[in-house]
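Here it is: the structure, laid out below.
Letters A, B, C and D mark the chains in the order given here, with residues in each chain numbered from 1 onward.
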Amino acid sequence: MSTAVIVFPASNCDRDAAVALEKVTGKPPRMVWHKDTSIPDDVRFVVVPGGFSYGDYLRSGAIAANSPVIRDLKDKSEAGLPVLGICNGFQILTEAGMLPGALMRNANQKFVCRISRLRLANAKTRFTSQYDAKHEIDVPVAHHDGNYFADDETLRRIEGGGQVVFRYSENPNGSRNDIAGIVNASGNVLGMMPHPERAVDTVHGGTDGITLFKSIVGSL
Amino acid sequence: MIARVYVGLKPGVLDPQGRTIAASLNDLGFDEVQDVTQGKIIELKLASGERDTVEARVKEMCERLLANTVIESYRIELDEEEE
Amino acid sequence: MARKKKSEITPEIVAEHGLSEDEYAIVLDRLGREPNLTELGIFSVMWSEHCSYKSSRRHLGKFLTTSDRVIQGPGENAGVIDIDDGDAIVFKMESHNHPSFIEPYQGAATGVGGIMRDVFTMGARPIALMNALRFGEPGHPKTKALVSGVVAGIGGYGNCVGVPTVGGETNFHPGYNGNILVNAMCVGLARTDNVFYSAAKGVGNPIFYVGSKTGRDGIHGATMASAEFDDDSEEKRPTVQVGDPFTEKLLIEACLELMATDAIIAIQDMGAAGLTSSSIEMADKGGVGIALNLDKVPQRETGMSAYEMMLSESQERMLMVIQPGKEKLAFQVFEKWELDVAEIGTTTDTGRLVLTHKRKTVCDIPIAPLADDAPNYDRPHEPTAPREILKPDEVDEPADYNDALIQVMTDPDMASKRWIWEQYDRHVMADTVDSSQSGGDAAIVRIHGPDGPTDKAVAITTDCTPRYCYADPVQGGRQAVAESWRNLTCVGANPVAITDCLNFGNPERSEIMGQFVGCIEGMNEACRAFDYPVVSGNVSLYNETNGVAIPPTPAVGGVGLIPDLTLVQSLGGARPGDTLILIGATEGWLGSSIFLRALQNREDGAPPPVDLQAERHNGDYVRKLIRNRRVRAVHDLSDGGLAAAACEMAFASGIGMELINPSELPAHAWYFGEDQARYLISTDGNSVNPILTTADGLGVPAMIVGKAGGTRLKAKGAFDVSLDGLRGRWEQWMPELMSGATETV
Amino acid sequence: MIARVYVGLKPGVLDPQGRTIAASLNDLGFDEVQDVTQGKIIELKLASGERDTVEARVKEMCERLLANTVIESYRIELDEEEE
């Protein structure tokens, strides 16, 4: 069994994601180049990492969402392959239509990097099953376009379906309903703005992110 | 041939950028400013072709890349004259 | 080459190129003929202050530049130090002052891009960025826009490339109203056996151009950085360079990928004066000639002349000499990363720079005079007159000490800079151990080797106290180096080496040159006292507007090594019941202090003297205490003295502090005096006696000055304020400034 | 009154954004795309006033806030009809 991290031009959290995956699985993930047309068959879990794919030109994640590898990822995720999109990865997944809604410029127009406290809105997903539902977790955010938007109807649908997974205790970017992370309707694709891979080691000042990787890897 | 694509937020989508600009202009003493919205213009220089085909192609570009139709709407203008 | 009419190069043209009559006479002499315009342009940028260091060269030569850890000192794109196990740290600081004043976002962004290229050119992956910023007074009409543009630009570039911006410093002073300072530092990680240099070697080797296409960006940028501003210069804006962090990221990955092979003989980034200075520096260092075919240069615009191509400062470009036979490999790697790449020339044995454009030779000049015979001036320098020493009783005590504390902690230089550093990605790369967010003295970044994270880390800080440098350049120079050394000490690091960015006014004025020479003298004394060499740096002169110079600002970027991550120290570990111990002697030095400025609007008085022996002694002792796990929190004393250090420790630890004044000094001198070589440490009861006794034996002054605990900041005979209340004021100052809700403090 | 301000990069200024969009469109098979530039459109809703005065005020807004005249140029269009 393998895991994989997708690498776009100007991905910059690809190594961080790989380190976190190796920590949890004991095996370095496959690094899949954006021009590859398919994800290797033995891959059981894929991380679309943070960064500024294509410089975030046009819209964050828009150009990456059109790459060959994302087309393949979309097909495989529809067949059940678990996918985690972090930060720019979340933006890419919404742009690719793999998750509902869109990520707009932060309400105050500024990049924000801080430790954000998150509430678990759904601790029963494959990505959160090992968290204590009552606990809040500390995970860093670092983004310019993390302001989650979905129209009223979509919002009602994802709230009603338990698709909201993380909420900010203190909203850093203007996201509707304080949404920090969501899953798709089948629960195998998670997108989140905070960076769990930056909270997996005591030197990071906290390890609340590791449980997410443990949960999903444990479910494979 | 030049195609100009105007991309703006759909009505109902909050435009924090526009709001910030409006507030800044008011701060600077431009009290007459009541509301601001900001959009993008993407100007494409294209190999010439039949107007209808070109328009259809540009529409496809918008749907696939240039606009995020979850939050944005777009409008296309064609200009046969090379600038 | 076609002989040009004698009239082509008029005295006006020579003057426009910033060359003096004497300098032009040397050009004529070395060429034995008149230059054409392209050649004149090349001489002019190479002999500009920015590229030739003509006013500063002889003084920079005095610096201590070696130690057993120095692999490469000044003279290359960046300095290199050995941090054991085959790892090397590559670092440098650089200014982008003038461009940032004209276009704050792009100016600052391209400054960050430029300094990163200096570092990865040497074969290092950039792992941390720092920024040292100086703005005009907060209420000046331009300040807010400059602050927001510069900060957004720094973040916009560094965040996108994915290198954490982990720390910095920010001052506000009317002396920078017309001339802000934007100094950026980059730290990179390489392997000692795979460091790359710029000397072009061999004859007939292919020269590759890689990166973005060349446009008409920033032509004359190098001469702009070497000329004073006047009110008109905002009108005569040359084309501003625009940064493309996306391309930079690709360039880093591509260069590092090719560097892992043996394809590169020499490499040099195209910084100021782009193709000109990169090709000439490579040729000069390698003692070879260079022939370039400018038709092959990737161009963004049509109709570019040879002059424009040679002087363009388009960003994100590199020049390299490739091992013959490896051309294909080089093309493959750069094309994989979708970068523009072209073979544009070869090295030659002529010792000349020969350029062809549209089948004509447009330049044929000897390289040696461009580099070696560049002017090297011994400009007259007048030492700064010493100031009177202000005794504590010559300074009025404040009527209300609570108010005094608030004034000091909300002074523009003291207030929290969260508004700035929250716009910087401090965690990307997942190796940041400590950064601005702790308010700590130095940032800490773990070394992440080829086999994963290690237990080693580097500590990084930037420091300079311009008001001391203005009052007394020698003491100010010492203090800048000493503070950086202290800050590294405070986090448990062994200070290793520094880089610097020397920002001064017009060197043709003897009092400015006196500041320059004085600061260097002081810095160098400190470097020698601490065995703390200078391995790289940058000089930025002519920082003045309408004849008013900035305060002398020799920014120091210090790097230290933390051999074991478990011994990392911070200022945030104080616990209720801890004893506070002050290391170092206190005379109550209020001259040139924050207290004097914040409360009495005065900037007079001699600054605190820096006793280098005491610094070394006290610092070595503090580092030993950290290594022996004797302390819970450590912070050095600098701006604002003991009171400020205690507040900052309290904010970081989340508990109150209660200070006492065991001295004979009046409260204002004891609590706010800025005597140097001092540290505040917080420790548990059991360690107090051993710490004091050992200090006594070593002759290190140490005394109990209070205890930690509670929710208030109290000082006997002075203030008593709530921790949260003061923290709120301290945190709010900058957001309020930037929202325009309040005026200056 | 509506004022539309079109802001774009001055000729000769590097436009990494436009370049990247063009390359991406080509990658998606839109080979007819030769060049792309991206600009902004800022739509201001203003209290009504004399056309000339309004125009002068909007110009001032552009110079002071809406355009970065070091690298951008702008064009103003006035539209008396409220939309």
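We adopt the following convention: a contact is a pair of C-beta atoms (placed from the backbone, for glycine too) under 8 Å apart; a residue touches a chain by one contact, two chains touch by 3 or more.
Computed from a predicted model, the values in this text were never measured in an experiment.
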Between A-D and A-B, the pair joined by more C-beta contacts
A-B
Distance from the mean Cα position of chain D to that of chain B, given in whole angstrom:
10
Intercentroid distance (Cα basis), chain B paired with chain A, Å
29
Quick check: how many Å separate the C-alpha centres of chain B and chain C?
41
In whole angstrom, what separates the CA-based centres of chain A and chain D?
34
Among the residues of chain C, pick out those that touch two or more other chains and give their numbers.
244, 246-247, 338
Overlap residues in chain A, where contacts from two or more other chains coincide
54-55, 57-58, 63, 66
Could you pull out the residues of chain D that touch at least 2 other chains?
16, 20-21, 24, 28, 38
Could you please write down every pair of chains that are in touch?
A-B, A-C, A-D, B-D, C-D
Chain B residues within the chain D interface of the complex:
6, 8, 18, 21, 24-25, 28, 30-47, 49, 54, 57, 60-61, 64-66
Please name which positions on chain C make contact with chain A in the complex.
152, 155-156, 159-162, 244-247, 249-250, 337-338, 421-433, 437, 446, 452-453, 565
Any idea which chain B residues touch chain A in the complex?
12-14, 16-17, 20, 64-66, 68, 70-71
Chain C contacts chain D in the complex at 102-103, 105-106, 212, 215-217, 237, 239-242, 244, 246-247, 300-301, 314-315, 338
Complex contact set, residues of chain A against chain D
54-55, 57-58, 63, 66
